[in-house]
Amino acid sequence: MKELKIKKTSINGQSFKPPNGLELPISHRGKQIAKSMLWRRIREKSISAFFLTNGLIAIVILLGIFSLLFIEAFPAIRKIGLMAFISKSNWNPTSFVKESYGILSMVVSTLMVTFGALLISVPVGIGCAAYLADVASPRVREVAKPIVEILAGIPSVVIGFLGIVLVGPLLGKLFGISNGLNAVNGSVLLSVMSLPTIISISEDAIVSVPQEFKNASLALGANKWQTLIRVTLPSALSGIIAAIMLGMGRAIGETMTVLMACGNAPAMPHSFLDSVRTMTATIAIELGETVQGDIHYRSLFVIGFILFLMTFLVNLISDMVLQRFQKRGL
Amino acid sequence: MNWRKINEKMGFMLLRLAFLVVIFILVFILYDIFSKGAGVINWEFITSKPRKGMTEGGIWPAIVGTFWVSMVTIIFAVPIGMFTAIYLNEYASQGRLIRMIRLAIRNLSGVPSIVYGLFGFALFVLMLNLRLSVISAGLTLGLLTLPWTITASEEALKTVPMSYREGALALGATKWQTIRTNVLPYAVPGMLTGTILGLARAAGETAPILFTGAAFFWPFLPKFPKVLFTQFMALPYHLFIMSTQHHEIVKVRPIAYGTALILIMLVLSMNILAIWIRYRFRKKYKRV
Amino acid sequence: MSDIKLNIRNMNFFYGNLQALLNINMNILKNHVTSLIGPSGCGKSTFLRSLNRMNDIIIGTRVEGKILLDGEDIYDRNIDVVDLRRKVGMVFQKSNPFPKSIFENVAYGLRINGERRINKISQRVEQSLKNAALWDEVKDRLNDSAMDLSGGQQQRLCIARALAVQPEVILMDEPASALDPLATQKIEELIFKLREHYTIVIVTHNMQQAARISDYTAFFYLGELIEFGETDQIFTRPKLKKTEDYITGRFG
């Protein structure tokens, strides 16, 4: 071994002893090690198999819901015909004279209140998100986050209740009608329910816009507002669209609020001031009146299946939009 | 360029307005419920049963019912959520399987609550013959809450730095040992937060329990474990009935307000607790 | 003649389709300090992490060739990775003490191996801290959080933690790069002492450091081992021009 010249040779005065007298299985050979190693491997493998099983549960549940809805719904579709379901607007499954299963009215109702809700919650939500992400001081942001969370946590039945006792009468006075339980009421309340979703996801999207973009814009002489409108928001567009889609999904799927506040008239609505009954409300109202297994019962599952597909589609689109979001590196 | 400045000022004012609208909405909701419901709340209201066709008396059975259903929900949704999150964050590798699982989770969180109710009715009440009961309703709510607990647990795991895992592995720890000793203990506060938030959500849901066990009037609840197999009253359902189905709606409105207030206070306090836990532990681990 | 502790033969390393190490052949001698030098991104850290199979936790990595520890291929299917990592310990570039007490950090390796006897653990902890030249500074506050220590102390704690499991080889990935000169000096003295009983492989950007503390030096460039030899020879009479260029600072 060559002697090496090093500049520092001080030793701290402690002698260097390897640890002694302590037993740990140091030797690498020997049956004992092989056995404990095998045991350890088996244990690790079974633990990871356990976790894998858990991971698959989500897929199992999703497929389970899909299949069960379909299995229950299919006999009705087969008997009545898919076209009769989706193209007719008369829903009267308990009629003595002629039953009909047209879901068009309720689909239109669902879309009306959803659209009305988005009309309110999209501008307010994005505006609020832009404010929090770009304009507000960190302290305000700290306070705002819990506020949005608390708003999100208010149960739908409470919102529906307020629709009955507060917003409905208010609308009645405003529009000069006797009963304020209509699509406008539903839209207003649903906008409150979809706001937190739109706000938080949009805010995430706006915050993730790289600082370099904003700096470049400012360096070119734009002020903060112009930067926000022309650079930041367009860059965050995919995330914002995803937020809107998810908010839309929430509105489509909401049950209690619309059940309590929209009036529940099954006829095809002609204006926003009409009382409407959405797909979700129909299920909620009629399931209790059906006999298990009969056509009426199964047709409610058809509605449920269609609802499932609608929210699945909305999620899929928002996923695709977000994927492009990530691909572009924005 | 004066117009640019005016533009900017107006623009930001609009944004601030949007923010204030949101705050206003929340304050308005809370104010209304608190002011009109507070008068009804007293010790008797909370602890006694409804009387005289529910025009008088209290809502104690609904509180108990909500409690039991929530317990079933947590016992189902929290462990599975944690284990799934552990799989996703610690064991799974990139690939089609993990993408499919994540897709499934995202879709499950978007399924309408009434569809969960429909599914729970067909599966638990009918097929598994659990009938209209706390356990049917609790399991249905558990399915609803599951995507939530998975996401919350996963976020908790993500906050644990990679260096903890690497350091442990380099010392010869097995994967499970590393997770058990060096990851899970530090993810617990986050998982706790997620649990509480999921619980708050489950307590407030009505649609899933409409057909799986909630009852209009069910004042007597047996002790555990019999309680699992009976119908029950629940706070959100009670509010729903009081405000839409009761034959004397106007007369019982104060009770409805009282129920709404109790429900909001319950949900609010759980939310605040969860936020507080997150805040406390974020400070504790900040120097990490 | 010194023994060969690690024998690397025709080793190639891939991140997916990207080849990061090309045909590495090298002998690491027992109880000597071998340093790996080279410009950033040339594969030194990748190579180091292959020696205790820490690269296994990155998805998509592949190793070809053999790495023999005392004659056994560590990538053999029958080899227990967990056991390997106990024998081949690692100290990371950025010190990563666990957010536990000083005592528990050092005791960690013992506990996961099933050691429960508290007096054995305490003995080993004390000995390891002494060997890492940290004992005097922490002996009165073993239950304090490790996060309260200074950067240099944390790094020595990580060394003590690695020593506690009685490894045979210690891998160090730029152990002093985040430390001030005084702390660096302490680490270098420590390394010099440790080689009496351990085989040490150290990655460093600092050529003076390599010259100071190592017996053998390997120069890596773009994933290839350009030159390997006794430190003295590499730094005074390098055989290849590329080596000479790097050492004299023409690039890197």
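Chains: A, B and C, in written order; residue numbering restarts at 1 for each.
Note that contacts are C-beta pairs under 8 Å (C-beta built on N, C-alpha and C of every residue); 3 or more make two chains touch, one makes a residue touch a chain.
As the structure is a computational prediction, the values presented were derived from the model and not from experiment.
Taking each chain's centre as the mean of its CA atoms, C is the chain most distant from chain A.
The interface with the largest number of contacting C-beta pairs joins chains A-B. Chain A and chain C have Cα centroids separated by 47 Å.
Centroid to centroid, with C-alpha atoms defining each point, chain A and chain B lie 14 Å apart.
In chain A, the residues that reach two or more other chains under the touch definition are 40. Shown for chain B are the residues that touch two or more other chains, namely 174.
Touching of two or more other chains is recorded for residues 82-83, 113, 165 of chain C.
Every residue of chain B that touches chain A in the complex is listed here, in rising order: 4-5, 7-8, 11-12, 14-19, 21-23, 25-26, 29, 32-33, 80, 83-84, 86-88, 90-92, 97-98, 100-101, 103-108, 110-119, 121-123, 126, 143, 146-147, 150, 174-176, 197, 200-201, 203-207, 210-211, 236-237, 239-240, 243-244, 253, 256-257, 260, 263-264, 267-268, 271-272, 275. Residues 93-94, 161, 163-164, 166-174, 177, 181-182, 186, 285, 287-288 of chain B are the ones that touch chain C when the two sit in their complex. Interface of chain A with chain C (complex): residues 1-2, 4, 6-8, 10-12, 14, 16-19, 21-26, 28, 33, 37, 40-41. Put simply, chain C touches chain A in their complex at residues 2, 32, 70, 72, 80, 82-83, 87, 110, 113, 115, 120, 123-124, 127-128, 130-131, 133, 165-166, 185, 188-189, 192-194, 196-197, 212-213, 215, 230-232. Considering their complex, residues 52, 54, 57, 59, 82-86, 89-90, 92, 94, 96-99, 108-109, 111-113, 147, 158, 161-162, 165 of chain C touch chain B.
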